[in-house]
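Multiple structures are listed underneath, in C-alpha cells.
Here chain A shows up in two complexes: once beside chain B, once beside chain C.
Let's look at the complex of A and B:
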C-alpha cells in the first residue's frame, strides 16, 4: 500500500511537468494548427531563466583576502555579491536563496517575448505548409536554441536549488498513520504539483471566463467565421503562442530544483509530451492535462522494482505502449474531438 | 698453414647467411618494420584528439582538449614544460617527438560510439594521425580502441573507468592510464567499513551500460567481502533524468546505504533526487542512511552542488595533491587557463606525454615499437606516484584516491577532499580475472 501511494505521489510531479508542457503544445496546435517541436526548448529556456536570474542576483565585486590563498598560492579572490552591499548580508542571502521563485516574475515577460518573436519571425511562415515541414523547422529551431544555451552556459548541469525553507521532505506516512520514514515526499515536489495545478486552472479560467478567451475558443472552433466578424484572430493567436511559451517556461523555472538544468533537458521532455498530447487528444486541453498526470503515474508504477522484475524495461516503453493502444482503439485520444486524427 | 678455398659461390653463400643472421634480431624487433599506418614523413607528426565536444560530457571534453593543447605546447618546447620537468624519464627534450614538431587534429565523439569511431577514422585516414587519444566514456573507449587495433594505430585512452577497457575488451594497440572500477571498489571498501561499519545493507542503482555493470560488480564484491549485504541492484536507463521513482523504493527495502553507480548527468540527477527525498537525514536499522558515489568527478560534483557534501567516492587524481608532479601540472594548467585541471585533463595530458616518451625511447613511431616501450614501463613524477604500465593488459597501476565531498568549500573548485591515498598494492589484481586477450600488435600498413 505504501509503495502504491508513493508511486502515485511520484507520478504527480512528473505528470505535472508533462501536463504543463502538453498544455502549451495543445494550445498551439489547437489555435494555430502548428506541431511545435521547439516546445521542449521553451521549457529548457524557462529553466535557464532561473539560472540567469540566479547569476544576476549573485553578481559580485571581487576583494582580495590576503589571509587565504587560491590553488596557485596567490592571495584568494573572494566574491562579494552586490546585494550584500545594497540590502545587507542577511537580506542579500534571502534574495539569493529565493532566486528560483523570483524567477517566475523574470521568466514570464521573457518567455512571452520569445514566444511572440518565434511565432511572428518564423512559425507564421509555415501555417499553410504540411505538418512535416512544421516539425522539421521547429525541431531545427529547438536544436539551434539548445546549442545557443550550451554556448553560453556549458554542457554540464547547473545546480539551482530550492529555497532553504523547501528543502527536505514531508513524511506522509507519519502524518497519515503509516510507518514513519516510508512514505516521504520532497517539499519542493509538492510545491511543483501545486504550482502546476494553479497554472493549469489559471489557463482554463482565462480561456473560459474572459472575453479574450472566448474569442480564442471561438477561433479554435471556426477560425474563418471569427475573422468574418472582423476580429483580428491572428493577433490573439500570436498572444496565445506567447502564453503557451510562458506556461512551458514556468514549468521549466520551477523544475530546476528537481533536476539541475542542462541544455538538453527540453529534448528529454519533448517526445514524451507529444505522446501525452496524442493520448489526451490533439487539441484537447483537458485531455492534455488528464493524459499528463495519467502517464506520469503509469510511468512511476512501471519503474517499481517488483514490476521490473517481471517485465524488465517496461518503464522505458509504458508510455509508448499506451500511445499505441490509444491510437489503435481510439485515434482521437482520450478527450479528443470526434474526427480529429480519425481521417 | 691451412688452405682456404674461396670461391665466388661460397663467398656469396657465407655473406648471405651472415647478413641474414645479423639482420634477424633487428627484423624481429618491432621498431624495424618499415611499413606502419601513417608513418610520419615530413618534419611534423600529427596526433588525433578525439573528445566529446558536444553532448552531455562536452565540458569534460573541453577540459581534455585544453590539456592536450598544453601537452602539445610542452612537447614542442613551449610554456614551462609542465610534467616534463618532473617525469622520471628524461627522453623528452621539448623539441617535438623524434625531432618532429607535434601538430594535432581534433574530433568530436559526441559520447556516441558510432560518432567517435567515425571521427577517429577520419583523423586516421584523412589527417594522417599516428596516434588517437581521448574519450569520456567507456563505451566510446572500447569502440575506438577496437578501431585503432584494426587500423594499426596506438590508442591512448582518456577518461574510461570500466574494467572492460583493459579487461575483456583489451587490445594490444590500446593503453589506459586512468584507473578502473575494480580499483575503485578495492580502494573504497576499507574506508566505507571504517566509517560506516561492516553490518550494512546496500541498495545499488546502476547505469544500464558496461561501465555501470563493472562498477556495480566491483563495489558489490568489495563491500560484500567485508560483510555488507546487497539487498537490491536496479538498472536505470542511461537516458533517465528523474530518478524519484527509483529512489522511493529504497526506503521500503530495508537498505541503509544507497550506492549510485552513475556518472555524469545521471550522477548529478540521482544524487540530487536522493538528497531531495531526505535519505541523508533518515535513520534506518538504527544507523544513519548513507550515499556512496563510486566514481567522482570534480566537474560532476559541481553540477550536484551542495548535495555532494560528506559523500565518499574515488578518483584517479585531484588538483589538491601535493606531490611535485601534481603541483607542476596544476601550475602549468592553472596559469594558462585560470582554473585547476580536472582528472580528465590530467589523465589525457599524461597519456600524451607517455606516448611521446615511448616513441622517443623506441626511436620509432611504429605502434608495435611504441607498445613495447610502454609495456611494463615504470615511471614516476606524473602526479600519481610510482606507476607501472602493466604489459599483460596495458593498464596503469598506481595509487588511487578516496575522496569525499567537502563540507566547507572555499571556492567553486574546492569541492572534494582527499580522504586517503590508497597504495597501488591494495588495488592491484591478476590480469587474467577479467578475461579477454590482448592479441598481437598491429602496425597497420
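Let's look at the complex of A and C:
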C-alpha cells in the first residue's frame, strides 16, 4: 500500500509537466491545426525566464566593508544586491529567496509575447501547408531557439533552487496514519503538482465559462461559420497560441528547482509530450491532461524495483510501449474525437 | 546505360566522376594557407559524406516517394552497426560479411517496425517510428548491454573468436579490411603545396554509395516507384480503386531501412566502434534535415544535403574567434570587433544555430531544397545561355 501511494506521488510531478506541455500542444493543434515541434523549446525558455529573473534580482554592487576583514586582514569586499538598497535587507532576502515563484509574474508576459510573435511571424504562413512542413519548420525553430539560449547561458545546467520554505520533504506517512518516514515527498513537488492543477483548471475554466473561451471553442468546432458571423477568429486563435506558450513557459518556470535547466531540456520533454498527446487523443484537451498524468504515474510504477526484477529496463520504454499499444488498439487515442487528423 | 535513360545515366556518371575526384576537388586550398581549414578532402570527412549520403538516399525513398515522415530511422542505422560489429567480432575483420549482415538485420528489423507503424499514417506514423527508435535506444543502453555493450559500446577486442581470421600476431590490433586491404590505409600524393589523400575506406564506401544511388534511380523510375508516388499524392483514391497500398509502403520502408543498415555497416567498417548514441532521435532528425535541405523527392538532393550538413558540422564548427580576427584584421579595430561579435554566434560551437536558420529558410522559402534553388538559378541564366541543364548546379 505504502509503495503504491509513493509511486503515484512520484509520478505526479513528472505527469504534471507532461500534462501541461501536452495541454499547450493540444490547444495549438485544436485551434490552429498546427503541429508545433517548438513547444518543448517554449518550456525551456520558460525555465530560463526563471534563471534570468533570479540573476537580475541578485545583481549587486561591491562595497568595501571596513568592519569585516578577510583572512589576510584586508577589509572584506561584500556584494550588496540592489534589492537590499530598495527594500531593505530582510525583504531583499525574501525576494531573492522567492525568485522562482516570482518568475511566474515575469514569465507570463514574456511567454505570451514570444507565443504571439511566433504565431504572427512564422506559423501563420504554414496553415495551408502540409503537416510535415509544419513539423519541419517548427523543428528548425526549436533548434534555433535552443542554440540562442545556449549562446547566452552556456551548455551546463544552471541550478536554480526553490525557496527555503519548500526545501524539506513532507511526511505523508505521519500525516495520514502510516508509519513515519515511509512515504516522504519533497514539498516543491507537491507545490508543482498543485500549481499544475491550478493552471489546468484555470485553462479549462477560461474556455468553458468566458465569452472569449466560448468563441474559441466555437472556432475549434467550425471555424468558417464563426468567421461568417463576423468574428475575427484569427486574432483570438493568436491569443490562444500565446496562452499555450505561457502554459508551457510556466511549466518550465516551476520545473527549474526539480531539474536544473539546460538548453536541451525542452527537446527531452517534447518527444514524450508528443507521445502523451497522441495517447490522449489528438485535439482532445481532457485527453492530453489525463494521458499526461497517467503516463507519468505508469512511468514511476515501472521503475519500482519489484517490477524491474521481472522486466528489466521497463521504466525506460514503458511510455513508448503504451503509446504503441494504444495507437494500434484505439487509433484515436484515449479520448480522441472523430475526424481529427485521420487523413 | 544499365537500363537507365540518357539523362539519368549522365547524372550517374557525373556523380561517379565527382565522387572519384573528391580528394582533389575537396582540397582546393594549398596546405598551410589561411584557407586550408576549408579543405574537406581528408578521409574521415569524405567517408562521412558518402555514408550519410547513403543514409539520406534511403530515407528519401521512403519520405520523398511515399510522404511518410519517419522520425526513427537512426534505429536502423544503429542496428546495422551492431550487426556489422558482431560479424567482425565473431567471423572476420573483412568488412564484406559485416556489411551484408548489417543490411539483412536492418531489413528484418525494419520489416517488424514497419509492419506495425504503417498501420497508421500522418503524424501518428511519425510518433510510432519515433517511439520504436527511442525504445531501441533505451534498450541498447540498459537491458541489452550484453549485446550492445551499453554505455561503453562495442569495439573489436583481441580476445574475440574471429573464426575465419585465425589468431592475431602478438601485439597487433585487429583492423577492418577488404580482402587484406586495410580500410585505414591511404595513398598520399604531394603536388606542390597541395596534399591529396586517397583512402581505401573512402573508395569502398564510394563504390557502395554509387551502387546504392543507381538502385535508387532504378526505384524512382520503376512502376513500383510510380506506385509509391501515387501513395503520396492520394492514398485514398488508390484504396478506392481496390489496391492495397500496404505492401508497397512496407516495401519502401524496408528498402529505406536496409539503406540505413548499409550506412551503419559502412560506418563500422570505417571506424570500428559503435555506441547507442547513434540511435538517439536527434540522429533521426539529422537525416530528415539532410534530405529536406538537399531536396525531398529528388535523386541527387539527399546526397547534396548530407554533404552540406557534414561539411558544416566539421568545417564551420572549427572556426574560432582567433581565425575570425585573422580574417577581419584589415578592418579598423572598432569595426573589426563589431563584425566579429556579429558573426561569432554563428560559427564554432554555434554552428547548429546556422544549421537551424538555414533549415528554416529552406523549409519556408525553398521547399524543394538545394536542388530547387539550383534549378531556379539555372532558370535565371537559361534565358541568356540556352542549353544549360538545371541539374548541372551541384558542387
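Keep in mind that, in the parts below, the second predicted complex is superposed on the first by the 325 of 343 C-alpha atoms of A that agree within 3 Å, B and C clash if a C-alpha of one lies under 4 Å from a C-alpha of the other, contacts with A are read in each partner's own complex, and residues count from 1 in each chain.
To be clear about the criterion, a residue touches a chain if its C-beta (ideal position, glycine included) is under 8 Å from a C-beta of that chain, and two chains touch if they have at least 3 such contacts.
The shown structure was predicted, so the numbers you read here are calculated from the model rather than taken from an experiment.
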Item checked: Contacts of A:133 with chain B and chain C, given as first, second, both or neither -> second
Item checked: Partner chain in contact with A:286 - chain B first, chain C second, else both or neither -> neither
Check: Touching A:169 in the superposition: chain B (first), chain C (second), both, neither?
Finding: first
Note to self: Once chain A of both complexes is superposed, is A:125 in touch with chain B (first), chain C (second), both, or neither?
What the structure shows: second
Next item on the list: Scan A:271 for contacts with chain B and chain C and give back first, second, both or neither.
Entry: second
Notebook entry, point to check: Which of the two partners, first being chain B and second being chain C, lies in contact with A:316: first, second, both, or neither?
Noted result: both
Notebook entry, point to check: So, A:33: does it touch chain B (first), chain C (second), both, or neither?
Noted result: neither
Checklist line | Common interface positions of chain A, toward chain B and toward chain C | finding: 150, 316
Checklist line | Sites on chain A touched by chain B in the complex | finding: 2-3, 6-7, 10-11, 13-14, 68, 70-72, 76, 150, 154-159, 161, 167-169, 181-182, 184-186, 188-189, 257-260, 262, 264-265, 268, 299-300, 303-305, 308, 315-316
Next item on the list: Sort out for me which residues of chain A touch chain C in the complex.
Entry: 35, 122, 125, 131-133, 135-137, 139-144, 146-148, 150-151, 267, 271, 274-275, 278, 282, 312-313, 316-317, 320-321, 323-324, 327-328, 331, 341, 343
Margin query: Under the stated contact criterion, what part of chain B meets chain A in this complex?
Written below: 54-59, 232, 234, 237, 239, 241-242, 244-246, 248-249, 251-253, 265, 268-269, 272-273, 276-278, 281-284, 299-300, 302-307, 319-320, 330-331, 334-335, 339-340, 410-411, 413-414
Checklist line | Contact footprint of chain A on chain C as seen in their complex | finding: 67, 69, 116, 119-124, 126-128, 130-132, 134-135, 138-139, 141-144, 236, 281-282, 285, 288, 292, 345, 349-350, 352-353, 355-357, 359-360, 363-364, 367
